[in-house]
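Note that the chains are named A, B and C in the order they appear, and that numbering of residues resets to 1 at the start of each chain.
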Amino acid sequence: MTDTRKESHMAADPDSGISIRGISKSFDGTRVLRDIDLEVGRGEFFSLLGPSGCGKSTLLNILGGLETPDSGSIRIGDRDVTHLPAEKRPTNMVFQSYAMFPHLSVAKNVAYGLRRKRLGRRERDEKVERMLSLVHLDGLGDRNPSELSGGQRQRVALARALVMEPAVLLLDESLAALDRRLREAMQIELRELQREVGITFVFVTHDQDEAMSMSDRIAVMGGGRILQIGRPTELYHAPASREVAEFIGSINLIEVTPCAGGRLEAPGLGAFDCDSAAGEGGLLALRPECFGIAREAPAAGNRLEGRVREVTFLGDRSYLRVNVEGLEDPLIASCSFREAEGLSRDDRVWLTWSAEDGRLIPSDR
Amino acid sequence: MSPLLVVMVIGVGAPCLLLLVMSFWQQESYDMAAGWGLGNYVKFFQTPFYQVLVLRSIGVALSVCALTVLMAYPVAYFVAFHVTRYRSLWLVLLTVPFWTSYLLRIFAWKVVLGYNGVINSGLVSLGVIDEPLSVLLYNPLAVTITLTHAWMPFVVLPIYVSLAKIPTELLASASDLGDGPVRRFLRVILPLSIPGVASGAMLVFIPTVGDYVAPMLVGGTSGSMIGTVIAAQFGAADNWPMGSAMSVISMLAVSLTAIAMQFGIMQVRSRAR
Amino acid sequence: MTRSHARKRPVLLTAYAVLFLLFLYVPILLVPAFSFNDGTIVAFPLQGFTTRWYGELSRSPELLAALRHSLVVGACVSVLATGLGTLGAWVVTRYPLPGKAPVTGFIMLPIVAPLVVLAGALFLLVQTVGVGLSLYTVGLGHLIVCLPFAFQVMRSRLESFDDSVLKASRDLGEGRVATFLRVVLPISAPGIISSLLLTFTLSFDEFVLSFFLSSTEVTLPVYIWSQLRFPGRLPVVLALGSLILLASFVLVVLGEVLRRWRTDD
C-alpha cells in the first residue's frame, strides 16, 4: 500500500529537485519526525519553518546525510541518496554555528572540500578567490576565522559550501546568530545569491518573517509533522489550521457555528458573512489588517462593537487592542496612524471587515 | 576510553584491593603467628605512637589546608577581579611552581630553614641574632610551612576558576541592591566561590596527610608523619601487612576528615543570607 | 571593560599578590643562587662566584646513568600517557556514556591519593605478581600519576571545539580518517604537545613512586635523594637541582602556553 502511494507521488512530479518520502526518525524513543513527505523543486528557495523542537533541523540533517532516517527514502534529482553518507551527497550545509575550522585561514576553510576534487593549485585558488568575491569577502582570505565578525563568518560558511557546487544548499538557522539589521541585509543578499547560483536552497528557521521574506515556498512544521506547505501568501492568507494561523503573523480567532443563509454565527455577537465558509463551523480567522475602524455604528456588513483597551503606535502603523464583550481575548486591529488618531482608552469603536477577508479554519487542532 | 580504564584498573584498582587484602595478613613475628586476622589493626590501636602520628598528620594537613586557602584566596580574587591585561601571565606564574620538582621545592626549605640555612645565616650576618636558631627546622611547624609552599598552586587555581565564573552583572546587581563592598563579598562572592575553596582544600588535604618527603627532610623526629612510617614498613622494617593496615587506616581517617571538612566548608555557603 | 566595578586600583591587594609570588618563587630560586656559591656550606654571606659544581656534574657516571634513566622513562611515559589520555578524553567528550562521572572520578583518583599509599599498593602488586623492581615498574607508577593530567589536558582541549566542525568536514566530502587527520589532529595538536611536555616533566621530577618502585637503576630524583645524606655533595646537588628547575621551567611554561593556545580560558 505504501508502495503504490510512492509510485503515484513519483509519477506526479518526476522533475523534482528533492523528493522526500515517508521519512521518520526517533531519538531515544521520542519520535522527532513522523512520516514526512516533501517535494522541493529544482532551483527553489524552500524554507522549513517551525518552533524549536519541531524536527526541522533533524530533517535538514537527514537531507545532508548527517543523520540516518529510521525509515523512508530521499531522492535528489534522479538519484536515491538515502544511504549515501554526508561526504558523498550532492548537498552542502551552512551550519548554525558556522563551524569554521579554527586552525585554518579563511581561504583554507573555503578550499577545504576541494582537496577531493583533484584540482590544480592554480585552479583551486581561482575558485576560492571567485567564491570569496561572490560573498563580498575579497582580500580577507588570509585572515583567521576568529578575526572575523559574525556576518563575515556567515559568508565564509556560505562560500565554503557553495564552492563545492552542490545540487542543494542546506542552511540551518543560518542567520539566527546575527543582529537584526545585519540579518535583514543578509536575507536580501542570500536571496540574490540564490538567484545568481541558481541551485536549490533548503533553509531552516524558526523566524516566520525570515521565511516569508525569502522563500518561494515554506513548509510549516510542528510536532514532527508538516502542517502545511505553500507560498508565503497562501500560508498567510489561507492557513489550513489554527496552529499555522497562530504561528505565522498575529491573528484574531473567533469561534463560529453555521447558521441560516450560509452565514456564520458567533454566540452573543451576531452573524457574519464569510466567503470561505461552506456550511460548517470552526474558527473565523481575521488578520489585524482586515479590520476597518469606525467610530459610529456602520449600517451594514460584518462588524463588532467594542471598547479600546490600548493604542500602540508603531511608526508606519498603529495597533489597536479592542475589548469585545463576549470574547475572552481582545481583538487586534492594525490601521494607519490617521485612523487611530484621537482614539484613547475606553472609546467606543466598531471593527468592520469584508466577507472575502475572513477565513474559516477547522477548530479542532 | 577502554585502554585507559584498563591501565587504571590494573594500576590503581588492583593494587588498592591487594593493599586491603594484605592488611589482614599477619606476618610472623615474636608475638604473632602467620595467618589471616585483625592483628595489624589491633597492634595499631595498641600503639599510641602510631595514633599520635595519624593525628599529627591530619593536624598538619588541616593547618596546611587552612593556610593555603587563606593565603591563596586574596591572590585568586586579585587575578579574577583586578587583572585584565596580563591574566594569562599571572595564571602561568601561579601554576609553574607546581610542575617543578617536588623534591627540590621541599629541599629548598631545608636550605632556607636549616641551622646554617638562609634565614639563620642572614640574621646572623645582619647581627640580629648571635647564634643560629635551631627551632626553625625539624618540627611540625617546619613541615607545615614547607607543605604550604609546595601545595599552594593547587588551591589558587580552583578558587580562581570559581571566582572567574561569577558574572559581573551579579556583582553589579548586589551593589545596586544596596550592598557595600564588604557585604557584597560576604553575601555574593564568598558563597559562590565556596566550591572552588572546597575542591582546592580537598586537593591539598588528602595528599598532604600521607606526605613522605617533607617530614623526612624538614620534620625530624618531632615532625615525622604517618607517611614516613608507612614507607618504612614497606622498606627497612619490611612488614608489608602492617604497612598495608596503616595505609588503610590512614585512608579511612583521611576520608572521614575530608567529608567532615567538606561539610564544614559547605556550611559557609548555606549560611549565606 | 569586563569587571568594571573594580574602579580603584587595589594597592594593598596588588602588593599582597606580588609578595605572594615572591613567597612562591624565592625559596625555589635560592637553589640556583647557591649553586654558584664558592663554598661547601650553604649559608650567607655568599662566598664568591664559581661554576665548578656544574663542572663536577659531568664527572659522575652514576648521575649520568640516572639522568639517562629519567629521560627514557619520561619519554616513554609521556607518550603512553598522552596517547591513552587522548583516547579517553575523546570518548568522554564525544559520546554519552552511562556512569561517566564515576569513571572520570576514578581516572582522576591518583591526583588526590596520598602518594605513599599508592606507591605502597603498587609495590605490593609488583611483588605479588613477581616481576621484580625495574625501570619498567617505575614507568608503570609514573604512568598512573601522569594519566589523570594527560586526560584532563586533552579533555579541556577537545571540549573547546564543537561537533559541528566534524560534521562540516564530512559534509565537505571527507571521511572519518581524513576528518581526523585534517581537523581533529591539528586542533588538538597544541593540547597533545602540552600534555607530552607536562607529563614528561611530571615523570622526570617524580620521586616517591620512583623511590618505592626502583631497584638499582634509579632515576634522577632518587639519585638526588641518595646524595642528600652527604653534606659535602650539597653544592653539586644544588647545581643539578638548578639545571632540573631550569629544564622544568622551560618545558612547563611552553606546555602551559600551548594548553591555553587559542582557547577562551
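Heads up, the rule we're going with is that a residue touches a chain if its C-beta (ideal position, glycine included) is under 8 Å from a C-beta of that chain, and two chains touch if they have at least 3 such contacts.
Since the structure is predicted, the reported quantities are computational estimates derived from the model, not experimental observations.
Nearest to the overall CA centre, using the mean of each chain's CA atoms, is chain C. The two chains most heavily joined by C-beta contacts are B-C.
With chains reduced to the mean position of their C-alpha atoms, the one farthest from subunit A is B. Remark: subunit B and subunit C have CA centroids separated by 19 Å (rounded to whole angstrom).
Measuring from the averaged C-alpha position of subunit A to that of subunit C gives a distance of 55 Å. Centre to centre, using the average C-alpha position, subunit A and subunit B are separated by 60 Å.
For subunit A in complex with subunit C, the residues that touch the partner chain are 64-66, 85-88, 91-93, 95-97, 99-104, 112-113, 115-116, 146, 160-161, 164.
By the touch criterion given at the top, residues 1, 3-5, 7-8, 11-16, 18-19, 22, 71-72, 74-75, 77-79, 81-82, 84, 88, 90-97, 99-105, 107-109, 111-112, 114, 116-118, 120-122, 125, 149, 152-153, 168, 171-172, 175, 202-203, 206-207, 209-213, 217, 227, 230-231, 233-235, 240, 243-244, 247, 250-251, 254 of subunit B touch subunit C in their complex.
In the complex of the two chains, the subunit C residues touching subunit A come out as 161-162, 164-165, 167-175, 182-183, 186-187, 262. On subunit C, the positions that touch subunit B within their shared complex are 1-6, 9-10, 13-14, 16-17, 20-21, 23-25, 27-28, 30-31, 34, 41-45, 84-85, 87-88, 90-92, 97, 103, 106-107, 109-125, 127-128, 140-141, 143-144, 147, 151, 198, 201-202, 205-208, 211-212, 221, 224-225, 228, 237-238, 241, 244-245, 248-249, 252-253, 255-257, 260, 265.
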